[in-house]
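By written order: A, B, C, D and E. Residues from 1 in each chain.
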Amino acid sequence: MSKAMEPDLQTPLGRTSGQVGKEWSHPSNHWLRGFVLDNRASLGTLAVFIVMMAVFMIANPTVFTTWYLYSSVLTTLPVALFVVVPLVFVVTCGEIDLSFPATMGFASWVFALVVQAGYDPFLGIAAAVVTGTLLGFLVGSLVVYGGLSSLIATLGMNFLLRGLIQIINEGKSTSLSSLADSWAYKIFSSQFWGIPVQIFWAIAFVVFAALLYNRHRFGAQVKVVGDNPDSAKQMGIDVKLVRVKVFVFTGIGAAIAGTFSVMINFTWWPTAGDGYLLPVLASVFVGGTPTWGGIGTVVGGAIGAVTVSFIQTGVVAAGLSGFYVQFFNGLIIILSLLGHKWNQARYR
Amino acid sequence: MSKAMEPDLQTPLGRTSGQVGKEWSHPSNHWLRGFVLDNRASLGTLAVFIVMMAVFMIANPTVFTTWYLYSSVLTTLPVALFVVVPLVFVVTCGEIDLSFPATMGFASWVFALVVQAGYDPFLGIAAAVVTGTLLGFLVGSLVVYGGLSSLIATLGMNFLLRGLIQIINEGKSTSLSSLADSWAYKIFSSQFWGIPVQIFWAIAFVVFAALLYNRHRFGAQVKVVGDNPDSAKQMGIDVKLVRVKVFVFTGIGAAIAGTFSVMINFTWWPTAGDGYLLPVLASVFVGGTPTWGGIGTVVGGAIGAVTVSFIQTGVVAAGLSGFYVQFFNGLIIILSLLGHKWNQARYR
Amino acid sequence: LDAQWCKDVHIRFFVGGAEGDAFGTIVYNGAKQAAADLGPKVDYIFSQWDVEKMVQQLREAVAVKPQGIAMMGHPGDAAIMPLAEQAHKDGIKMMYQNVPVPTVVAAFGGGYVGAQQEQQGRALGAEAFKLAGLKAGDKAIMIGPFENESRGARERGTVAALKEAGVDVVQINSQTEWAADPNLAIPPITAALLNNPGVKAVGYPGGQMLGNVATYMQAAGRKPGDIFNFGFDTSPQIVEAFKGGWVQLTADQQPFMQGYLPILSLCQQVVLGLAPMNVDTGAGFVTPQNYEIVSELAKQALR
Amino acid sequence: MGERIIELRDIKKSYGQVYALGGVNLSVDRGEVVGLIGDNGAGKSTLIKILSGVVKPTSGDILVRDKPVNGWSAARSRDAGIETVFQDRALAVQQTIVRNIFMGRELTGSMGWLKVNKEIEEASRLMREIGFTSKVFTPHSIVGQLSGGERQGVAIARAIYKQAELIILDEPTTALSLTETAKVFHFVRQVRASGRSILFIGHNIHHVFDIADRFVVLDRGKVALTADRSEVKSAEDLINFMEDVAHPGGLPGLHDGAEQRA
Amino acid sequence: MGERIIELRDIKKSYGQVYALGGVNLSVDRGEVVGLIGDNGAGKSTLIKILSGVVKPTSGDILVRDKPVNGWSAARSRDAGIETVFQDRALAVQQTIVRNIFMGRELTGSMGWLKVNKEIEEASRLMREIGFTSKVFTPHSIVGQLSGGERQGVAIARAIYKQAELIILDEPTTALSLTETAKVFHFVRQVRASGRSILFIGHNIHHVFDIADRFVVLDRGKVALTADRSEVKSAEDLINFMEDVAHPGGLPGLHDGAEQRA
């Protein structure tokens, strides 16, 4: 920071031709320092996670050495990851999407309908993804072209879509026992060397999304739009389109998440997805993506999801009754926010 | 707008002394037009309410001519009003507070403890209000002096406080049948000419808050801080203090709301207040206070609360099954947002 | 009597839970069947199990003056009392479901359909103790909505019965999200099993979670029969779990009856002037020996 | 000249490791116009933020009418009769003209309730005083509906309210046209004529030269020159001095083109 | 002069009932520097927003190299070789220098994946070219950490990328000090020397006079004067002309003080 304020710009241009050959160098000469600086937010999240796990482990060392504990988390964690990651894009873009739980429910309902009608689950997945895409497009268009506050408008859409599901199904769930024998199940939801395969897909998704965020035009434009939409518009970026795209991405993520959730226990409930609203939101922010837009971290968000997933498990494993879960949820959220606050500068 | 862009400022100052005597006049010469222009947001909310009620009434005229229907809504509507109104201040100030449900639960718990211990309910009310004040101060200080995003930090505080309630009470509720004979009950929770007295208190509160908002230094400063905090700071306003104050106000409102709720039900539940999170939030925005801060409407928020309270009642009375409630919730939120959007300009 | 002898009667029916939870759906179907058979006009009300909301909904229900109201007993005597009084004054017939409210019924009348929560819970505890072959000093886990006194009364009863028999019971408070998506409970249940390795039996609060037992056990690396899983309600998923040997016992509180009977009784009270019904629906236990009887009904969300 | 309104002695201010001000002395007397000039980042805005109490100095003394003060703050500064029109973000654009004029010092009766009518009267008077005579706007008009020049007018009206003794204008004419610049200059003279003092900050040395009685040149957080009007012959003198300070070897660029052509 | 790069014919633009532009003709030839001056609200920014495709004109024709174009947009404008440094809000301050330079035209390989190394190389080259030689910053530095002048440098680097044929600078020196203004002027000459054209918008008529080959004076949405450098004797001429246009009766205020003293 110190040098930033007294730049070496005293010599006006033209006089500097003698120095033109010089090369850029990273502010830190040591690669490790550079790495830490570039990934402060996600490393901060990792630190929170490690401290939390350390506390739980000290409370009960034996449970935390059992693989089953981890494998059980790895079964449900992927469902959250498929929505947390696109939400990092949405928040980076300066918006928020609270309609993903209903989208999860809607898309997985379509999946359930297709499978129940006797079609191949792969077709069901495709149909679910198409549904998620359309719903994301619908929500995004309403927010972006309608010029509405995404916080409230997506909350409204969540009610509206869930209401539609309820009206049509009148509360009936759908059980899909036939799924267990399908190829889709083996590929997406079985175990491999004792590891739930879901997590491989989720990791692949996180890696893909992290690349999309950091190494793709889409990510670059999402960040710029969230940072300074006026500037982005002047530079020829279709700001509205980019905004709609992040909602579509969330719709797709929610569709995959919903489908994975149904494949875990072969049942679709009309409430499917509802339980994910708060944990997923908390994950994004525990993960170190700030609310003001422009910056964020996909990997941090993923670590945030892991952290949030382990709160409940850890509380129970540490031998506390479930009454402590809410308390710890709140505590971790507050501590993470304080940590990131101290860790992150906001430029204007 | 047209004249605004070509101001009559071509003559520099000093030359205009001949015209100094002229008086200001309101842009519209007719008082009614002026009134409508000044109260666009709340009138818009009122229009939404009237249209909604008209639809319900057409669907089932008889039910809606029964006074009892209204009196039953008027019994609990006050509980919502006591939090919606302070939240209008919070949102105007550019913040949000999602911790009020836990504050409601906490403060009314203190009330229940005091009453159960055999003290006078008035003392209980005082204790609850003190608790609400302190919690509001705690949450506000954390957000303001900790520099945290109020959306997430207050969500965290909501978990944390509710967690505390749960840990200590382990789910046990407290029933306070003795309340019915107390003076406090007669004054705050009985009926008067068939009208629940709560609503008189709530109306008094709304009127007081509307004056505070429009005719008091506090309201003026809240608006300025939400509009342009830098400017407010430069003009000597203690921006952080104003922000903390709105959280304290919400704490007080939540405490009163919680106490009223207990007096209606003669029972305190550890989950008290939880059900109010979404309806209250929706009321604020259905009421026409925008999310970006600086402006808002207390009366609109109150009308929003009435609207939201009647959705469920109306849906069921219109003969639709409860499955339609969520759908209509969403629909009303979206339609109101669209209406306000079209009705309100945002200046920068 | 005509086929639709109750045709002109207006009834408000409290389904209870969230739209679409396993229990509520069957109650709803029972009530709808009754409405179809008897002909009354029924309004259905959902409350997400939020007690404050239930009280307000009851207030509104009393206000529209139907001939009968079938209410959930969850808010408890103190909260329901003033409204029951009002209903009594207005001549509205009352039925209560799922949680008994003895003081209210004693004061202003009304019937009750549902298990006697506490008793049913205790009975389940005793039955589980017997069938699982538990001994004093054994360990069991009981999951339940302990954060809500009246909703958790049943599970508290089970805990009490087991404790009285000398079983060491670990209580896990269920989270509201688990009702919307029981998969969310996989990790905590695994953790609880790992934390208490000697556990012989696990009890679950309601249909949604009990139906998911196979998933929980697989996640924790347990095989069918390793642990004695028991709980409340029936559903297609629970029938499947019986088939697979994952679930050993469920106390069927016959939610269909909890939907059907209150409406029948209200019709009888209004049209025929009969006294209110008092039915304990918590009679039956479903075990691996008799689960097939309920399987077809469960599939149609009737049991 | 007259009484000394305010004096800063050896004011230092650092942001982290950056020294924005490295020991500055500055005083303003009654009725004088002081022109504060200097390069970007010289510390001008920081200095006036200290004067107006928005920023606390790292060290140094502040004297009001020759008496040292402790606990200097925005409120104290305004009590001492100092009003500031800041470089930017000066107005709450969604609020009415009245609310902006009385921002932070609302006219209140008992218990903090606003004296609404009094505020409107006063606002009308102030707006008329600075020549804001449009009939389209009332004190209830939203500032966001005004043009840039009109907004500047509101900020100035706010500053002259309560007969401030010293008015600080931080680059009030940046991005203003000649016509509107002229208005501001005329106003500055009006204020001086009424016996009040002005601290005028600007980049355009010609402008500042035209108006100031005394010049203070800041350079990298230090006072490089303090000169009375009588000591400086022309704006060019001042420009040359500043170029020398900034680039002892002569400043390339700005006048190259003209010289090449000439 | 050379080839005609762009021409606007009878461009009108209204915002609601306000006419920002009421029929403007303007053209820029290869290698010339056009200075666009005019009062606040004269429509300068609106005109260049139309040129850069950010704002659509209400009516009028746009010709690129003498061929009329339809569907003019920001993207089309950049394709035609027109780059703009806007008056404000030009940069995304939380992003790196690289991301700002390639905003909206990321260097991508197949499927839209970024060519990260190529971008860094190009950014380094551009920054060096405009004399941004600080070793403290790399192309990965966050723009928010840069000073105002350095940020302007990033905006200019962004504009000269891709050998733009016409660079539009909307008041690039507002709020810049002499030193930094000099840099911008030097750069403008560099660009002209390389055969590219420049449209320079400014309030400071001395500055514009020093640099432009041709002057266009806008007044209330109309072109009040178009003059080659050869037709105008001095900056004062231009100033007088503008004052006449704005206030046929003579402009009070700005020079009063100086005259009174003289």
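Please note the rule applied: contacts are C-beta pairs under 8 Å (C-beta built on N, C-alpha and C of every residue); 3 or more make two chains touch, one makes a residue touch a chain.
Not measured: the values here are computed from a predicted model.
Comparing mean CA positions across the assembly, the chain most remote from chain E is C. Using mean Cα coordinates as chain centres, the one most removed from chain D is C. Between the chain pairs B-D and B-C, more C-beta pairs are in contact across B-D. Spacing of chain C relative to chain D, judged by their CA centroids, is 73 angstrom.
Annotation: 32 Å between the Cα-based centres of chain A and chain B.
A separation of 36 Å divides the Cα centre of chain A from that of chain C. Chain A and chain D, compared by their mean Cα positions, are separated by 48 Å. Residue positions 19, 146-147, 173 of chain C are each in touch with at least two other chains. Residue positions 41, 147, 149, 179-180, 182-183, 186, 247, 252-253 of chain D each touch two or more of the other chains. Residues of chain B found to touch two or more other chains are 1, 5, 10, 12, 14-15, 166, 170-171, 321, 323, 325-326.
Against chain C, the residues of chain B that register as touching in their complex are 63, 66, 68-73, 75-76, 166, 170-173, 175-177, 180, 261, 264-267, 269-276, 312-313, 316-317, 319, 321-323, 325-326.
Remark: chain A residues 142, 146-149, 151-153, 155-164, 166-167, 170-171, 278, 281-282, 285, 290-292, 321, 323-334, 337-338, 341 touch chain B in the complex.
Listing the residues of chain C that touch chain A in their complex gives 18-22, 24-25, 28, 146-147, 171-184, 186-192, 194-195, 208, 211-212, 214-215, 219-221, 235-237, 240, 301.
Taken in their complex, chain D has these residues touching chain B: 52-54, 73-75, 77-78, 84, 86, 89-95, 99, 102-106, 108, 112-114, 116, 120, 124, 128-147, 149-150, 153, 158, 179-180, 182-183, 186-187, 190. Every residue of chain B that touches chain D in the complex is listed here, in rising order: 1, 3-5, 7-16, 19-20, 22-27, 38, 211, 215-218, 220-221, 223-224, 227-228, 230-237, 294-295, 345-348.
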